[in-house]
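I've put the structures underneath this note.
Consider the two complexes below, in which chain A is the common component and chain B and chain C are the respective partners.
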Partner chain A sequence: MTSPSLGFRETMLLGLAGLASFIGLWSFLSVSGIVPAQFLPGPLDVASRFFDLLTAPFAGATLPAHLASSFQRYAYGVLLAAAIGVPLGLLMGFFRLLDDIVTPLFDGLRFIAPIAWVPFAALWFGTGIGGPIMIIFAGAFPPCLINAYRGARFVEPRLIEAARMLGTPSTRMILEVLLPAAVPSIIAGLRVSAGLGWQSLVGAELIVAAAGVGFMMVQAQGSVQTPTVMAGMIAIGLVGMLIDVLLRQGEGWLRRRRGLES
Partner chain B sequence: MAPVASRKTLIGGMTVIGLVMLWFGLTTLTGLVTSARFPSPAEFWLSLKQINGRGYAGSTLVSHAFHSLKLVLMGFAVAVLTGVPLGLWMGWSRRVEAFVNPVFLIIRPIPPLAWIPLAILWLGLGDAAKILVIWFSAFVPSVINAFTGVRNIDKPILEAARMLGTPRWRMVREVILPASLPMIFTGLRLSLQASWTTLVAAELVGALVGVGFVLNMAQQDIYPGMILVGMVTVGILGWVTTLLLARVERRALAWNVAARD
Partner chain C sequence: MGSISFRNVDKVFGQGTGGVKALDDINLDIADKEFVAIVGPSGCGKTTCLRMVAGFEAASAGSVLVNGRPVTAPGPDRAVVFQQFALFPWKTVRENIELGLRNKNLPVGERNDLVASALKLMNLETHVEAFPHQLSGGMQQRVAIARAYVLDPEVLLMDEPFGALDAQTRVVMQEELVRLARHNPRTVLFITHAVEEAVYLADRVAIMTRRPGRIKEVLDIKAVRERENWDSHARIEDVMDLESFVHLRTHIWKSLREEKGFKDV
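For the complex of A and B:
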């Protein structure tokens, strides 16, 4: 009960006013020359640069081509994280001994920022595709593991007892009891992973890569082409948003299908 | 509960000992992992001695670590001091929320790390660029959680305070702020984590001093021992600052029954 809810019209008007003042301030700073246009191009310059980049190559490729190569690495990294993290999490939720062994290691590694793996990633897997994949993996792995683990660990005990009483072997127990029960939690984890992976990808490409949006931005930064840098930021934001929207849709679809509508 | 805890500690301790033995076995004893890939314990020790004695990448480990810590704390402080009030204000007033939200929705999908090239263009390779980027990354969790904190306050509490004619300033200081404090601290934890990630990334992209710069130099020199020293330092710094924040949280929330266990 803070201030009462606003009507639709007022919300829209205020929102538009907010956007207008944001874009207005941005334009004013760059047009008036308070900030040199070289360092802060106006919104229109950035937009036109963005559309130029769709067809004109920069740093070896057009923006869609850079995005495609970024996305390829990203997909590999996130899929790898899910393929290892989810099963390991489920196993840890089931076998107490594995839990006790992995948890201290995991807690120790947790405080190292994923991006700090860059030097070893470059040393072990090179800077082409392997290194960035490892860094995306480092960013996307923890939520996959933690959520699968929590999902499996907090399954209704009665279900496990019932299955055990019926003499269910461990493999079937994991695949047919723990996995289905943990699905909502796993999906939520995957969504967090997808976001963190995208963020790590940007970091990886800024530091080690020879293609991709991050690489394009570093090249543009080196030659002081601010509009290109900002166009890259917009592209990264758009793709990140798209990934999140798609996963949200998938999550909603899955919940409805399982009758878990919340 | 006691036997379970000690079993956990025992297995955890054995795991760590086993891991150290595995490290020693794979590198020094058998040479299965060559020192070009991962340093042996002896090499790690030598790198540690080198950076503490003669120094590496321009100075000693302590001054690199201190510099990084200083930047994180400054960026984090700026983000918290701007983000939490904005979040509280947005939570309090629907008008402010409606005004700020669209801009926020546009800027938020851009990952903080994507601001690094722009920050370097604007401010160069020095400290200011790093603080700017940390501010961007730590700002968002601070705002969102402070906002959620205000919106989740029990209505009767606010109504009671309002009915008693509590003036605006006291309302903020004695009702809204304390009631949303648990959520605010959740945001601060996320902000702190984001600050470290961003700082390390920013220092890897371009810096002249700091832990990320040590990592960067070690990568270029292909010096696995020093890479490991850098990573361990990043981990320890992240761990210590998280512990400190948790202590502050316990202090600040000492009155809160729900947060006590």
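For the complex of A and C:
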């Protein structure tokens, strides 16, 4: 069964309808009193709290300041994941021995949720910047590695043969054949990494003692300020969407550029 | 120097009882600067012969020698021209041709001279900075041939190089290859299933049986070509009209017809 494809306007309208029904149901549940306010704050309470937080500090900072602090940790974590994951993935795609050594270990480790690393992250790297970065790293690392690996491992065999026939040494093989061939796969991996890294943020900030949107939510939870917790959730969702949209644009731009060039 | 020898070569794909024998006791000697074409039915293992010389595949039994030394790995002394070109899509024409020379660590000046002469040889001077996808199939194959020639290899291995080209382009490329091969002879192992192409280009044509491939017959074309002075005709169609050419072509056709697997025209 296939559904007919819809135009841009129809798609937008359907999306808005979905959002409106969600908010409608939410309003109904909270305003009617079916769910008590301390369990489920109403949309208006949350919205007004959200806008308050843009200027009024909570737990030492305004919402934008918390977000800025979070984003810094996040950027370090994701960049570190890319800086290690992509080269390691490429090397594993080329050197069978390295593949055989790393893959079984990695296949086990990657199923451990980032949040499970919280105790050890705090123990090993402290609750300042190191611990949270490690947790974001744990979330963002696997797609970086897997996609670089797959991109390098499944390069068209003819191209590898051509390069070998031309006497290409290993370093050049990786930099000038595997890497460019793997670029689309690597970019797709980075986009997934960026999303997973952002998802790991609240977990990472459970152990932060200063600032960050996750920290703000933990503080609010402690004093049962549910609208503040939910405002934080909305902020995380919005920023996550923004990151994804921007990276999608970047990926599209890169694909078009490669379409012209390769 | 660039001789090639197949000595009692077998090739089996797969292992144990599931193994398929692709080549059976191949014996063939190609002399320095000789142009030998192998023709055969689809799947007879002719490409596998070339891939063993290139070092992409190992023989299951017997030995493949280049200049008397067993082949162990691919290398720039045995340049390959692939049917599907296998150019690096992210490299320009120049960069594609230059890679093998950079790998040889030649000084920049010498490298540029060699690239320039390879570009001139294949009439690519106006497309130096183009990317492969911007070129027609014929032009892409010119780049691939230039990339192989620039290495000055001991042997040139061509795996159905014109198979992916349209008929007109193929004719032009065949004429050019003849020009190259006669003026600057080098050892060439040329794989094709096009009989006329093999007779037109090669000094000798080896005919293979269907799988498991064996060398059925080797024909000396060069003797006929020189006796009948084919090279006095500039155009391929004039050569193909000659009685001596037709005679050889028909002989090979009949030989291949006897092989049941032969369907390609």
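In this text, the second predicted complex is superposed on the first by the 234 of 262 C-alpha atoms of A that agree within 3 Å, B and C clash if a C-alpha of one lies under 4 Å from a C-alpha of the other, contacts with A are read in each partner's own complex, and residues count from 1 in each chain.
The working rule: a contact is a pair of C-beta atoms (placed from the backbone, for glycine too) under 8 Å apart; a residue touches a chain by one contact, two chains touch by 3 or more.
For clarity, every value in this text was computed on a predicted model and none was experimentally measured.
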First (chain B), second (chain C), both or neither touched by A:P180: second
Touching partner for A:A47 - first (chain B), second (chain C), both, neither: neither
Partner contacting more residues of chain A (chain B vs chain C): B
Which of chain B and chain C A:I84 touches, first, second, both or neither: neither
Touching partner for A:M165 - first (chain B), second (chain C), both, neither: second
Chain B versus chain C as contact partner of A:A188, first or second or both or neither: neither
Which superposed partner A:L238 touches (first chain B, second chain C, both, neither): first
Footprint overlap on chain A, comparing chain B with chain C: none
Parts of chain A lying in touch with chain B, wherever the complex brings them together: 1-6, 10-11, 14-19, 22, 39-40, 97, 100-101, 103-105, 108-109, 111-120, 122-124, 198-199, 202-203, 206-207, 214, 217-218, 220-221, 224, 226, 229-230, 232-234, 236-238, 240-241, 244
In the complex with chain A, residue positions of chain C that touch it: 54-56, 73-76, 78-80, 82, 84, 86-91, 99-100, 102-104, 131-133, 147, 151
Chain A residues touching chain C - in the complex, by the definition given at the top: 156, 158-159, 161-169, 172, 176-177, 180-181, 258, 261-262
Footprint of chain A on chain B - complex, ascending: 7-8, 11-12, 15-16, 19, 36-38, 91-95, 98-103, 106, 109-118, 120-122, 150-151, 155, 158-159, 196-197, 200-201, 204-205, 212, 215-216, 218-219, 222, 224, 227, 230-231, 234-236, 238-239, 242
